[in-house]
Structure formats: C-alpha cells, structure tokens
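Each of the next two complexes has subunit A plus one other chain: subunit B in the first, subunit C in the second.
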Partner chain A sequence: MKVTILEWHAVAAWRWDAPADDVCGICSQPYDSTCPKCKYPGDDCSIVEGECTHTFHMHCIATWMQHDPKSQCPMCRQDFKFKGENVAQEPQGEEGRDVGEGAAV
Partner chain B sequence: MALPKRIVKETERLMAEPVPGISAVPHEDNLRYFDVTVEGPSQSPYEGGIFKLELFLPDDYPMTPPKIRFLTKIYHPNIDKLGRICLDVLKSNWSPALQIRTILLSIQALLGAPNPDDPLANDVAQHWKENQNAAIQTAREWTQQYAKPQ
Partner chain C sequence: MFASKRLSKELQKLQGTLPPGISLISAENFEEWLMDIKVMDDNPLYRNEVYRLRFRFGSSYPIEAPEVTFVQDPSHPIPMHPHVYSNGIICLDLLDTSGWSPVQNVESVCVSLQSMLTGNSKNERPPGNDAFVRTNRQRPRDINFVFHDNKV
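Let's turn to the complex of A and B:
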C-alpha cells in the first residue's frame, strides 16, 4: 500500500543542559522555568555559568551584579566572571562574553 | 504585586521543615512580614530564653537582605536598645543565595558567640570587655526577666 503524506507538523521539546533538579541560586526557580521577570523560557531568559562553575538565570545574576558593588558570586563569593560559553555548550570557552549570549539545545 | 515564587517556596519550607529552635510565621495580611522566635543557644547566657523578632522582606528581596529586629529586650554587644542587629550577612556580606532560614541560624549563632570588638551597643560591649563575667551575668538576668515564655 502506498501512502502519500499530504502534510505534517514537527514537534520538538528542548531543555537547558543543566541538572534537571537544579535551581537558580538566586530566584530558586528551575532553569527550565524563567527568572521572576520573564514570562517565557528560552533564549530570551538564558542561563549563564561563571568561571567558578556556578550557574544562574542570566537576568538574576545581572540584577545582582547591579546591586553588589563587589560583583561576587552569590554562592562562593569569588569575583563573578562569565565563562566563555553557557552550560549548554562545551564549557571550554576562553574569553568572557557579555551577558546576553546563550543558546538553547 | 504577586508574591515572588522564591518567597512562597521559602515560606512553605519553613513550615514543612522548621529549623530546630527557630520559628517564622508570616502575617496573613502581609506575607512579607514574619513573626519570628529564636531559642537562646544552650551553654550561652541566653539559654532558656525565647526571643521574639520581626522580619520583613523588602520589595527587592533577595537582591537586598531581609530587615530583622529583636522585639524582646536582650543584653548583647551586637544588638542595640532598639533591637537592631550588627551582623555582616545582614549588611555588606548579604548574598541572594542566603535565605530566611540561614539568616535566622546566623542570628542564633550570634547569640552563642557575642563579638564585643564589633559592637553596636557600645555600653554593653564595654561592659563585656571590662568584666566579661559580670556582663554575662547581666545577660542571664535579662534573659530570665524578658525572654521567658509566658
């Protein structure tokens, strides 16, 4: 029997490449959820990793850096520096990038 | 303004798994305002006392620390007459990774380890440095007088 496909709808799901039960150390929300300011998860509310390996919603850590004159990591109090890539990629980046970069897998 | 999920989560956990010796109950009409009690640590002059505090979560919490004050009178070099507390994590060393429960534990620890070298109540600190035994005795008496459960 021959079947002719007239139309199809592709459906995909995504999640951040971070431990499923892990939550943002600032807002306590899962990474697959958004920071408190955003409505929809995704590239617009990405997660970032510091050189100290602690991860946060990008908006959460950015707000904290504005509040904290010392710009320390909330978890370990080391100077917070963005790692080259966010945790969705291979964490081997060398240069720190600006807030705002990151991609969903 | 809706209550941020983090505050809801923290409150639920404080109710479900309370910290031993510490209670924090939000007001029904203001879920950012908590009635707190802290038991004086054993082996300290505050042992046997139950101290009342008030705790308020400002609008920008957790970017700014909770505001906490002792309501029960207490004789302690780092707590003044108005109940204000000198504790680094409530000021310059605040971190949004800290929570209500960890801050209240720090306050309980402060009762067990008064630090007269970084005083808020200068007269008490002076007393502590000049005659520690007498100061501890006064702290004990105040605990008996003001911090005994009714």
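Let's turn to the complex of A and C:
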C-alpha cells in the first residue's frame, strides 16, 4: 500500500538548556517559566549563567546586581561575571534595555 | 509582585515538611509571618523553650532581606544570646544588607538562627543591651550593625 501525506503539522516545544526541575535561586520560579516581572517565557526573559556556573533569570540577577554594590553571585558570593560574550551582548531590544545597566556592571 | 510570587512558593514548601524544631505559625499575608523555632539539643540555655520569630517582608523581597526579630509573649521568651537584644532585635550579618543573599529564604533563616542558638554557651546579652533597648526607636533595617564575631 502506498500512503501519500497530504498535510502535516509539526509541533515543537522548547526549553532552556538547564536541569528541568531546577528553579531560579532568586525568584524560585522554574527557568522555563519567567521571572516575576515578565509574562511570556523565552528570549524576552532569558536565563544567564555566571562564570561561577550559577544560573538565574537574567532579570532576577540584574535586579540583584543593581541592588548589591559588590555584585556578587547570590549562591557563592564570587564576583558575578556573565559566562561567554554572546550571552552578555544578546538582549538589545526593547525588553533588554532595562537590564543593560545591570549587565554592564 | 516580586515578593508575593516568591513568598507563595515558600509558603507551599513551609506547609509541607520542615526541618525538626521549625514550624510555621501564621502566614496570613505576604507582609508578616510568624515562625517558631526550638533548639533540638540539650543546651541548658534553651531547653524546653520555644522561640517565636516575626518575619516582615518588603515588596522587593528577596532582593532585600526580610526584617526578622524574636517576639515575646507569655509563652515565648527572648532567647539569651550575645547577639540577641532583650527586645528581640537580632544582630546577624545574614539579616543585614552586607550579608543577605536572595537565595536565602524563611526556612534557611530559621535554620541559621536555630544553629546560632545551638552553638552558644554564653548566658549573655550583647554589650550595651540595656541602653540600646531603652533608647532604640529604629527598625532593625535602619540600624548600622557592626559584625565582629566570626564564631557564630
């Protein structure tokens, strides 16, 4: 028997490359969800990893770094530096503007 | 918003299993919670006593530390400790801007205070307790604590 496919729908799901059951240490929301200030998960509310390997929602760690004069990682108290340049340069759009300050510290 | 989302997560967890000696007493809103702690070993300073803690959360918790004090009532004394004033104010870097981290939470603060008591053998109040308690009108968050004791 020969089957001819006339139409098909692809369904895909995405998730961040982080342990599935893990939550952001600052807001306690899952990485695949958003920080408490955002509505939609995805590029507008990304996650970032520090050189110390600790991961947070970008907005959560940015809020903390604006508050903490020493800009230390909340987990290990080392200076928090974004791991890899591409992550730090990523958000240039409307949503990214308010975190730019935190990221540059 | 930041605080309420995080606190509702914490509350879910606190209503489940807690470490021995720590219990949730009330959490009617996202501004003020009461927790009880009990020292689990045989330390004679704290034996058979239950201590009540009041947590006050600002709208930016956990970016800002909660305000945590011991509260006194007929069944809950203020524990004797060289870093606990007799009005319930606690001098602990963890609760101050300099030592707070947003990954701390209500449970971890309770555990830290429990172990701070467990490890203590001095039946003492902080130096200058009487004058401080008599004159202090500031909230704990506005006090400039100096942290000098690394043994706690």
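As a working rule, the second predicted complex is superposed on the first by the 84 of 105 C-alpha atoms of A that agree within 3 Å, B and C clash if a C-alpha of one lies under 4 Å from a C-alpha of the other, contacts with A are read in each partner's own complex, and residues count from 1 in each chain.
As a working rule, contacts are C-beta pairs under 8 Å (C-beta built on N, C-alpha and C of every residue); 3 or more make two chains touch, one makes a residue touch a chain.
The shown structure was predicted, so the numbers you read here are calculated from the model rather than taken from an experiment.
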With the two structures overlaid on subunit A, would subunit B and subunit C clash, or do they fit side by side? clash
Should A:G84 be classified as contacting the first partner (subunit B), the second (subunit C), both, or neither? neither
Which of subunit B and subunit C A:P36 touches, first, second, both or neither: both
Quick one: classify A:T63 as touching subunit B (first), subunit C (second), both or neither. both
Applying the touch criterion given at the start, work out whether A:S28 contacts subunit B, subunit C, both or neither, answering first, second, both or neither. both
May I ask you to decide whether A:M75 touches subunit B, subunit C, both, or neither, giving the answer as first, second, both or neither? both
If I apply the document's touch criterion, which positions on subunit A are contacted by subunit B in one structure and by subunit C in the other? 25-29, 36, 60, 63-64, 67, 72, 74-75, 77
Help me check something: in the complex, which residues belonging to subunit A touch subunit B? 25-29, 36, 60, 63-64, 67, 72, 74-75, 77
Within their complex, subunit A touches subunit C through residues 25-29, 36-37, 60, 63-64, 67, 72, 74-75, 77
Give the list of subunit C residues in touch with subunit A in this complex. 1-2, 5-6, 9-10, 60, 62-64, 101-103, 105
Within their complex, state which residues of subunit B touch subunit A. 4-6, 9-10, 60, 62-64, 95-97
